[in-house]
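Take this structure, written in structure tokens, and hold onto it; I'll ask about it next.
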Amino acid sequence: MKAAVLVFPGINRERDMARTLRLVSGREPAMVWHTEPELPAGTDLVVIPGGFSYGDYLRCGAIAARSPVMDAVRTFADRGGLVLAVCNGFQIACEAGLLPGVLMRNQNLRFICRDVYLRVETSNSPFTRGYNAGQVIKVPVAHGEGNYIADSETIARLEGEGRVVFRYSSPDGMVDPNWNHNGAINAIAGIVNERGNVLGMMPHPENHVEAAIGSTDGYDLFAGLTDHLAKAA
Amino acid sequence: MKARVTVTLKSGVLDPQGKAIEGALRSLGVEGVASVRQGKVFDIEVESGDRAKTEALLKQAADKLLANTVIENYRVEVLG
Amino acid sequence: MDLPVIPNEPPITPELVAEHGLKPDEYQRILDLIGRAPTLTELGIFSAMWNEHCSYKSSKVHLRTLPTKAPWVIQGPGENAGVIDIGDGLACVFKMESHNHPSYIEPYQGAATGVGGILRDVFTMGARPVACLNALSFGAPAHPKTRHLVSGVVAGIGGYGNSFGVPTVGGQVRFHSRYDGNNLVNAMAVGIAEADKIFYAAASGVNMPIVYLGSKTGRDGIHGASMASAEFDEDSDAKRPTVQVGDPFSEKLLLEACLEIMARDCVIAIQDMGAAGLTCSAVEMGAKGDLGVTLELDKVPCREEGMSAYEMMLSESQERMLMVLKPEKENEAEAIFRKWGLDFAVVGHTTPSMRFIVKHGGDVMADLPIKELGDQAPEYKRPFVLGEKPKPVDATAVEPPVGTTDALKMLLATPDLCSRRWVWEQYDHIILGNTVQRPGGDAAVIRVADGPKGLALTTDVTPRYCEADPFEGGKQAVAECWRNLTAVGARPLAITDNLNFGNPERPEIMGQFVGCVRGIAEACKALDFPVVSGNVSLYNETNGRAILPTPSIGGVGVLADFRKSVSLAFKSEGEAIILIGETLGWLGQSLYLRDICGREEGAPPPVDLVEEKENGDFVRDLILSGAVSAAHDLSDGGLLVALAEMAMASGIGAALDAAPGDIPAHAYWFGEDQARYVVTASAAQANGLLAKAQEAGLLAMRIGVTGGTALAVTGEMPVPVADLRKLHEGWLPAFMSGEVAPTV
Amino acid sequence: MKARVTVTLKSGVLDPQGKAIEGALRSLGVEGVASVRQGKVFDIEVESGDRAKTEALLKQAADKLLANTVIENYRVEVLG
């Protein structure tokens, strides 16, 4: 795996992400500053990490989405390169047009940091091949604007094409408003683009990869990716 | 009736959002913007058909909730 | 000496002096010191340097009595933050500070800028912040402003810390009518640095450039003379002093930029601009380094037009720093700051003259002796009276109004004992990926770097104890802090204190202050737990009614291996529950007496510091040797509340033996005797544990066994843990959403 | 010149903040508000003194950054 982690002013989970990538893949990722016009040669995974790029001022992710490096990411994704966009990264990816929809304020208008349960909807993706479809994993969220919204046509397409990859659920895998902490449509927690090579998700799998720090449920996302890239290489 | 409440920062109050937007516009090549200050609008539909009553109601809403009068000013317009 | 020529500056009148918060004798001192009438700018500078907040004029003589030394203390009080050695070449940098008044005026921004300020104190010293905590006191829930204040303060703390990117891992929340007009917001920040790379405020070298970094200066937070300065202007609305607004985004950039230039060895001295901004930071840099300072205000980056020298010197705009850079590194440092999009300007230089000179528009606006501005601030030995000690409450004379289980259910749903989840779920408490023990336990535990070292962090104080008996209350605050660190297996190292009191000019308030400080000092000595930083907030009162004396204590402890720490949750069924420490059934000032019996009275529980240390050391050894599976210290609410918390944290219930016959049951279950812990151990290990305690001459007894899904006291109706949870989790969200609090 | 850009949600797009404000107003005892939708205003100072140029500049700013045209509409007013 040759991962590149994007760094925008105000991003703050890039270290968490880099540590996890190192831990799981054994390789140090490249940290790429937002003004770079190109990605490091040989990059096979771009990660847009969480945080508050530009303070989340204006709209979450809006300013970062228009950075020079994002043009390079678009080109990379168009060629089929894998992009993992987490939390603020998801917001940036939506603003940049890499993924459809918008992330609005949480339904209760408050920032929420807690462990949530996700039902893995498909294992047929480079991002989820480490899981079984239907499996429930526990990972933390930490966001104020994670309420996924798109027009009904887009939602129908996402659902119809099996592009909803993670859904907020109860511990036993039921979709239930009480377990949908931010009010997202259809309890959507993570989606992929049409081609399946760009994943956006609100929760932080990178924060749950060590038993001593809570749980290891996020580990298999990165292990699956590493495996996929090793096979592809 | 329809009305709009516009809430803006008092002058002198720091607007970090406005500042960040100025910078972003510049780096997007939008030249010639001297300053940006961000505020909020609330488009409100009110049950009453009475202009004066609507105005009073919205002043109340702004004072109680929509504006933080320590740092913000507001303006109520009844659009009819 | 040339007298400065100050155009457009009004003559100084007694009213102006009073509006600047200076007493006539203090003004006389200024006249004696400079030999002429000050200019308005100079008056502003004196008022900023000599006010209570900056000069500690009422508290200094007492603060000197606090123990501040230990072999592991690298830097005690006096710098931006305290520094302790945590081993392996690492240092922990931490401090707590109040932002009480601003948080009452504008709760969101007041709390947010409080967090911003304390984070700056920590990274100014070269440390990367790794955790925040806070201690919050609000008025009675029924007071019309309380909900608004809670909502704004919590959102503000979260808003700043979450965006800045530091986990907020712990704190306290309390409600009491004595905070109705004066809520308290005490914020603590903790950072990690290399022990030999700490940066200090003292400038060195003559003619060194003084550099201004960060955000621009506006008219934020200019106080004191706000009315006075408005009179001199046509355009007074536009120039109105304003509330400070926090910009966590800029602060994050400032952090990264500062750490980067520190790593490149560009910095000689660094000081953040906090209270009294440019004035305080520039004077301190010079005075600490025995140097004069000349500032050229025309070079200061300003956000607004036409700012006067007075305004620039007193502005409290946030996210700003002052530095003395190595001259040969100036360009390198500037390039780094530009890369992060921050302002960078040389605004002055150091001089050999020991004068503090401020120039603006070609004029000298201030020319003052720099040492005297700082060191010769007035210092008061204010008169104080120590109140009479209240009498203990005789537990046998307290008639229990309800049964044990009902009392427990009621207590768990009270404002002071209910779950704070609603609060800490608004704080990102897991960012950085090092949070081992999250909020909700005794102390938070975070991993240091890649481990195995860990830090334990907590904030504590029991103001009702301090009110009843300041000396015992001061002791208790430190002891509880130490106990919370111990309960997760950490070795307590040092504290920061944030002393919140009323008007020190009233002898009884000064008496509370003196009593608490004496108690804190005594406990710190006995527990080898020095004070390395702190903050004093006085005049917290409205219409002659002061807050409860609230000396918040923030503690730091270290774990050689964070994986050895235990949480308070019961771990499995069939484990022995063991109570360590002596239970006399102390009901005076207990929450049971206050919230169940409606009596806020009596002497608070005395703290036996020897027992505290022996019991704590014993429990820590048990934890580190792996002999116990859970540990929890006893505090507010007493034994049964603690057991309920252990059950609720896990979902596992317990069968508890009836209260021993020698004390009343309600005193046994709800008394707040100090120096106690509950631990659990497997049946196999329990006997060994009890024998060990006996050998050490400590009190330990088996009081029950874990298991089932209910908390069952022999002879009482068992209550399902799920019901307890509902009560415990219910009150705060219900209160905040405006619903009526759930009844028991 | 001074100008104002007002950004509002397209009709049909859900507005959780607006909904929450409706609820909050009700619980504050402000009665008679049928609906609330929240938007943004940007008060912008532009270096140019030309009305048409200013308008064009701000349309550009809105298209490139200030509005997310997938869910938002905007309006530019040059105030002079």
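Worth a mention:
Just so it is clear, A, B, C and D label the chains in written order, and each chain counts residues from 1 on its own.
Here is the rule we go by: contacts are C-beta pairs under 8 Å (C-beta built on N, C-alpha and C of every residue); 3 or more make two chains touch, one makes a residue touch a chain.
Keep in mind the model is a prediction, meaning the values are calculated, not measured.
For the pairs A-C and B-C, the larger set of C-beta contacts lies at A-C. Between subunit B and subunit C the centroid-to-centroid distance comes to 36 Å (mean Cα coordinates, whole Å). With centres taken as mean Cα positions, subunit B sits 33 Å from subunit A. Centroids built from CA atoms put subunit D at 40 Å from subunit C.
Among the residues of subunit A, those in touch with two or more other chains are 54-55, 57-58, 63, 66.
Residues of subunit B found to touch two or more other chains are 16, 20-21, 24, 28, 38. Shared interface positions of subunit C, defined as residues touching 2 or more other chains, are 247, 249-250, 341.
Pairs of chains meeting the touch criterion: A-B, A-C, A-D, B-C, B-D. Residues of subunit B touching subunit C in their complex: 10-16, 19-20, 23, 68, 70-71. In the complex of the two chains, the subunit B residues touching subunit D come out as 6, 8, 18, 21, 24-25, 28, 30, 32-48, 57, 60-61, 64-66.
For subunit C in complex with subunit A, the touching residues are 155, 158-159, 162-165, 247-250, 252-253, 340-341, 424-436, 447, 451, 562-563. On the subunit A side of its complex with subunit B, the touching residues are 54-55, 57-58, 63, 66. Residue ranges on subunit B touching subunit A, taken from their complex, read 16-17, 20-21, 24, 28, 38.
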